[in-house]
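The data blocks that follow each hold one structure.
Each of the next two complexes has chain A plus one other chain: chain B in the first, chain C in the second.
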Partner chain A sequence: MWNNFALRQIGRQLTGLLVLLFFVSVAAFVLVRLLPGDAATAYLNSINAPLTEEAIEEVEKELGLDAPLPVQYGKWMIQVFKGDLGFSYQTGRPVTEELSEDLRYTGALALTALGWVLVLSLILGTFSAGHSGGAVDMMIRIFTFLGSAMPKFWLGFLAVSLFSLRWKLLPVQGAATWKHLILPSLTLACSYIATYTKLLRNSILEVQSSPFVLHARSRGFSKRFVLVRHVIPNAMTPVFTTLGLHLGGILSGSVIVENVFAWPGLGRMCVDAVAARNYPMIQGYILLLSVIFVTANMLCDLACAAFHPRLRAGGRT
Partner chain B sequence: MKKEDVILQTENLSVSMRAGKERIPAVKDVTLSLKRKGCTGIIGESGCGKSLTCQAVLGLLEPKKWTVTGKVFLEDEEVPITDDRSMDRFRGKKLAFAAQNPMAAFDPRMTMGAHFLEGHSRREWDAIRKDAGERLARMGICEPESLWNRYSFELSGGQLQRVLIALVLGLHPKVLLADEPTTALDQATEEELLRILEDCQNQEGISILLVSHDLDVISRMADTVYVMYAGQIVECGEKEAVLGNPLHPYTGGLMRSRPGFSKERLKAMNGYPPRLGESTGSGCAFAPRCPFAKEVCKGEQVLREMTPGHFSRCSCFRGQGEEKHG
Partner chain C sequence: MHKSKMDEEVVILKKVQASHFHDVLCLNETKGMDRNMKKRIAVLLAAVMSISLMACGGQNTQNTQNTQTASAAEETVQAAESQTGQESEPAGETVQEEAEAAKKDTLIVRMAKDVGDLNPHTMKSQMAAQDWVYESLVALEKGAVVPELAESWDISPDGLTYTFHLREGVKFSDGTDFNSAIAKRNIEAVANHADGYSFLNSLASLESVEAPDDLTLVLKLNTPCNSLLNDFTFSRPLVMLGENGFPGEGDPYDNGITEPIGTGMWVLKEYVADQYALFERNEYYWGEKPKFQYMKAMVIPDVNTAVTALKAGEIDVMADSTQITADMYKEMETAGFKTETAPTTSISNLNINTGGEITGDVNVRLALEYATDNTAISEGIFGGLQKPATAYFSTDVPYANVGIAPYPYDPDKANVILDEAGWVYEGDDQVRSKDGKILELDLIYDASVTNDRDIALILQSQYAQVGIQLNIVPQDSQIYRQNWANGEFGVLIYSSWGGSYEPYATLAAMAADGDKFHTVQKGMKNKPELDDIMLDCLTQKDPEMLQENFNYIMQSFHDEAVYVPLTVVSTLAIYNSELAGLDLESSHGGMGIGGMYVE
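Here is the complex of A and B:
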């Protein structure tokens, strides 16, 4: 039953992924070309070459931008299926190479942030639920309110000015050591920690009032045992469901954080690429992110099913 | 009733709900006893404090929400009902609990088997599995092994209720508190469950505190009956006395509300029990619904011994004789 379900689920999601990727590729291709200004001008500007009509035409020819749009799209698609996303206009290196390099940094940042989210919201949420109505609960609730209300760039600057400049505990920016990872990942995680703390707190309180928790207590299990064995696992279900949706947000949210902390990841690369009208890089970035987003969602659904037998039964009650 | 025959005894057990600084009484001075190997029934409409009494005896009421006072004794040992930590020595060991709705009493993430094995070390697993299998087979579940890896949402209410009883009996308790064990069941399954309860009373010597709003269930199982209304015991005594000759108009009303085979129209009682916190004044809580209410009923009513061993909290009703003329 379990294997069948998993296979069906994965099959369905993969088909969906292909359809989605087609639409994303068209949208990415068109939107990038709708940006004001064009690649040839931006390229000539970047190498400080004079902007003559001749030069622009020559660059367009060189980059293959003189062909009609459908032809350009077709050529790009054929490349994509060969696993080649083209060359970056700025550096001349293959886009796949650049992306995979940046992805490592963004991946490290996003995964660390995810770790913070899971660990801290679990601790804070459990604590908050355990002391619901008390002073601790109140403080945690104020924190979650502030955390979700503060914009990331402001929080980032605040963290840098306190931890790096005033107390000199952590580096200001860059990505040289693991210490460089702490502030950006916490900044990225902060609003999600707030959201999940609140979600988990309410979920725990709800599960705690269910009859099976009362019955487990009546069988002589201590409060702590029941909390760990019954309450928290059941309360995690909504966390897993929403996490799938938020993963995309964590990845794209890194654009701002990476710029604040000069983190050499996808987000910063993307901003640079947009400024330079570096079409292959932007398109590659969008494709990559959509693949990651859908895969993450799929993994979350599977994790959810593994966690909750009822969902495995496929809606049977 | 001789003291040594009593296994479970509550003394002035009271429960009140905390609402800000206020305390809203929900269970008032309940003193009841359960005979060794006996069955004491608590009966009353929904919301009159039966389940709360049960949970108070188990010490399962959240102290943040409820204040519990009074004493509970189990075989001359005081049960520390307000000390959650010490209660872990009693719950699931000497006191077992069968919850109202078996569908909701199982963790939806765990198989039936996992519930039986929970909290036991790996070495004991085989023995527990064998013991549970035998118990379930005795309860009329044909293939106990097939239930082992099933989840609660895959089983029927009757199956779940039996698994639940088997689960708590596997703890070898002295007293089983059964809170409305038959409400979720159809007639045939109910009959079977009552037979199971009788078996565990006779064969395993377990005493049962049975809470129900179903007179038939109570009259079949119980030897002693307590009738509760608005958090108070309004009548109590031996089953034959209480159900044979009710001395409180509420008990009489309950009995007349029972569907029978006569052609007479079902006589439901008028009105509803007072809600939690709704003031009933100092007088009889049942007076507003009582067809025999008199001026005296506005004064405080105490539980008085009318005939030996038969108590009632009504000062004007004198049994069926008066009812016929009144």
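Here is the complex of A and C:
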């Protein structure tokens, strides 16, 4: 049952992914070229070379931008199918190499942040729901408001000034060790922890008032047992559904955190690439993120199913 | 009522007790499932955590030199980076130790961007980093050309033959000799791709490179070229790569390099893209060798983070001319850090669109000159660290300091000029107008430049005093340059290129139709003549004629009120108070950190 469902689900999503990627690739290709300013001029500007027509033509030839657009797209697609995303205009290195390096760092950051979100919001949300209306609940709710309202860069600098400058516990910037990961991932996670704590708190309260919980309690099961066995798994469903949407946001939204903590990730790379009109990098980035976004959603659907037997059987919530 | 409810509860209680045995079974079963569920959550979390740690742990370290020759000192540096996992030690001490262990023999410098591949013949690396590794025949000091790998040079009277006398005993970092043969190979490799470096005017006129003996290098030109020496002062591409750095028979422009081998102060030892580059002192360096054995360039894009890292002792020195603000500088000075400032040859200017609808009127441009108080900008935004400028070019740029006094700050005069030109206040208007046209200008600036917004705000209030409305329009770098080239702006803020670009590369751009520098001047009434004179500057070999040309150019800029000089861009440096020996004006080795030592 589980295997069947999973295979069917994965198969369907993979086909969808391929169709989606085709449209994304066309959109990415066209959109980067619709940006005002072009790659050749951007390059000449960056080296302070006179912007004459000949100079621009020369650079366009070198970058392969002199061919008609459909030809350029075709060439790029053939490359993509060979697993080659071209070369970065800025560094001359293969885009796949740069993206995979940056992805490892952003991935580490996003997954750790995700870990924080799952663990901390589960703890805080459960606690808050358990003490609904009490002082603890109040405090946690204040945290959720602050956490979602605080700008990330400010939160980052605040964390650094406390943990790095005052208490000298953690490094300010860089990505050399696991210690360097703590502050950036927490900063990135903070607003999501706030959101999910709130979501989980409300979800738990809602599930707790459903008849099957009363039934379980009346059968004599302990409050804690019912909470862990019945309430939380049911309350997690909205968490996983939204998480699928948010994971893309966590990945692509890490740019501010990456800048503040000098973390060498995708967000930073992408902003630089856009500023330099580095077409192959931007296109590669968009393709990669679409794949991740869809995969994340797929994983979340599976996770939902794991926590929700009814979904496994192909039913509906 | 009450009783019956009690009865009900008793019944329920009894039922519960009766089914207790069943429940125990059930409980055991569900407890088993509970464990499964817990396991599932645990596995999920563990997977998330371990993937992230795996991704973080495995560093992509590229050793450019033989990895087996890692010296003890290098191990210290690496150990300082990796020995964080020791749980027995309080974390706080470890972080501090890290910083201190690394400090003993390693100078840690902040870089805003990754150093790049250090290919000396392409434009893809950071210039400071290229300066650390590579050198050229000559260098630039305060706008003037000074010896580097060439001790002296002669120029034939016809300006067509340059003879360089090379420094004796110079070796590349791999121990091979620097001589005229390798210099010839480098220059020819660059000249073969002249199209790729259109800012170098000399490449087009270069006819041949000869190496009559080991220490003599002769460049023959087909037309005189005044920018030739300047072209050799750029950080790239006319710098010297060692023989073993060339990709076989290929050249670095097309095929990359095998290793960054130069004659400069530092040798690249280890490189982690987007994180850091570790350099070691070049033991073969011909000049005064660096005091530090290692120098680590840490990539920290955000300037605020860099300041915090400096406070935490994670870096030793940061220096730049665009990002460090006067506030940061003063704050760190108060906090006990050492600071230093040095003027560059780059000038921040307000460029006025001479071809614009409103700014095409020379009276409006003159009014802007008189209405601008650049002392207020110098004091208000830069805390006096950037001095008020007097002309488009720095006074250090050869020939360009022609002694024309800049327009004084005189708003009354600006008002008179505008009144006389017919730009008057209608009724109660705060803004002047003429024939129903309001005197409003779009000021565009590159939103990525730190201080330009504040400069724009000051100008806005200064121009409001004389009835000119300034609309501030921040723009993306590329859009800004595109609008600039197309003449779609009233005024804009830009810093002249400075350094090796001055004056010849700048003049070439100003004379090139289609270039943004050309667009600004399009409405000048003598533009065609001015272009001819600018182009003549590039080849004029008579110094007196050359000076006359420059007099004409600078007088035209002044009379036509094309540029409002704002401030002299300065390099600001903040560094650890235990260090000394920073020389921001040094022409050798990039950022002037070569002579730094622990006091």
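As a working rule, the second predicted complex is superposed on the first by the 304 of 317 C-alpha atoms of A that agree within 3 Å, B and C clash if a C-alpha of one lies under 4 Å from a C-alpha of the other, contacts with A are read in each partner's own complex, and residues count from 1 in each chain.
FYI, a residue touches a chain if its C-beta (ideal position, glycine included) is under 8 Å from a C-beta of that chain, and two chains touch if they have at least 3 such contacts.
This is a predicted model, so every value here is computed, not measured.
When the two complexes are overlaid, the chain among chain B and chain C that reaches more residues of chain A is C. When both complexes are overlaid on chain A, the residue A:175 reaches chain C alone and has no touch with chain B. Of the two partner chains, chain B and chain C are each touched by A:229.
In the superposed pair of complexes, A:219 makes contact with chain B and with chain C alike. Once chain A of one complex is fitted onto chain A of the other, the partner contacts of A:91 are limited to chain C, with no touch recorded for chain B. Of the two partner chains placed by superposition, only chain C is touched by A:49; chain B is not. In the superposition on chain A, the residues of chain A contacted by chain B and by chain C overlap at 218-221, 225, 229, 233, 307.
Of all residues in chain B, those touching chain A in their complex are 55, 58, 60, 64, 84-85, 88, 90-93, 95-97, 99-101, 104-109, 111, 118-119, 151, 153-154, 164, 167-168, 171.
Touching chain C in their complex are the following residues of chain A: 35-37, 41-42, 44-53, 55, 58, 62, 90-93, 98, 101-102, 104-105, 107-112, 114-115, 118-119, 157, 160-161, 164-165, 167-181, 185, 218-221, 225, 228-229, 233, 259-262, 264, 268-269, 272, 275, 277, 303, 306-307.
Those residues of chain A that touch chain B in the complex are listed here as 133, 210-212, 214-223, 225, 229-230, 233-234, 307-310, 313, 316-317. In the complex of the two chains, the chain C residues touching chain A come out as 12, 16, 23, 27, 30, 33-34, 37-38, 40, 44-45, 48-49, 51-53, 55-60, 81-82, 84-85, 91-92, 95-96, 98, 113-114, 116-117, 119, 122-124, 195-199, 256, 273-276, 298-302, 304-305, 308-309, 311-312, 314, 448, 476-479, 481-482, 485, 497, 501, 505, 508-509, 512-517.
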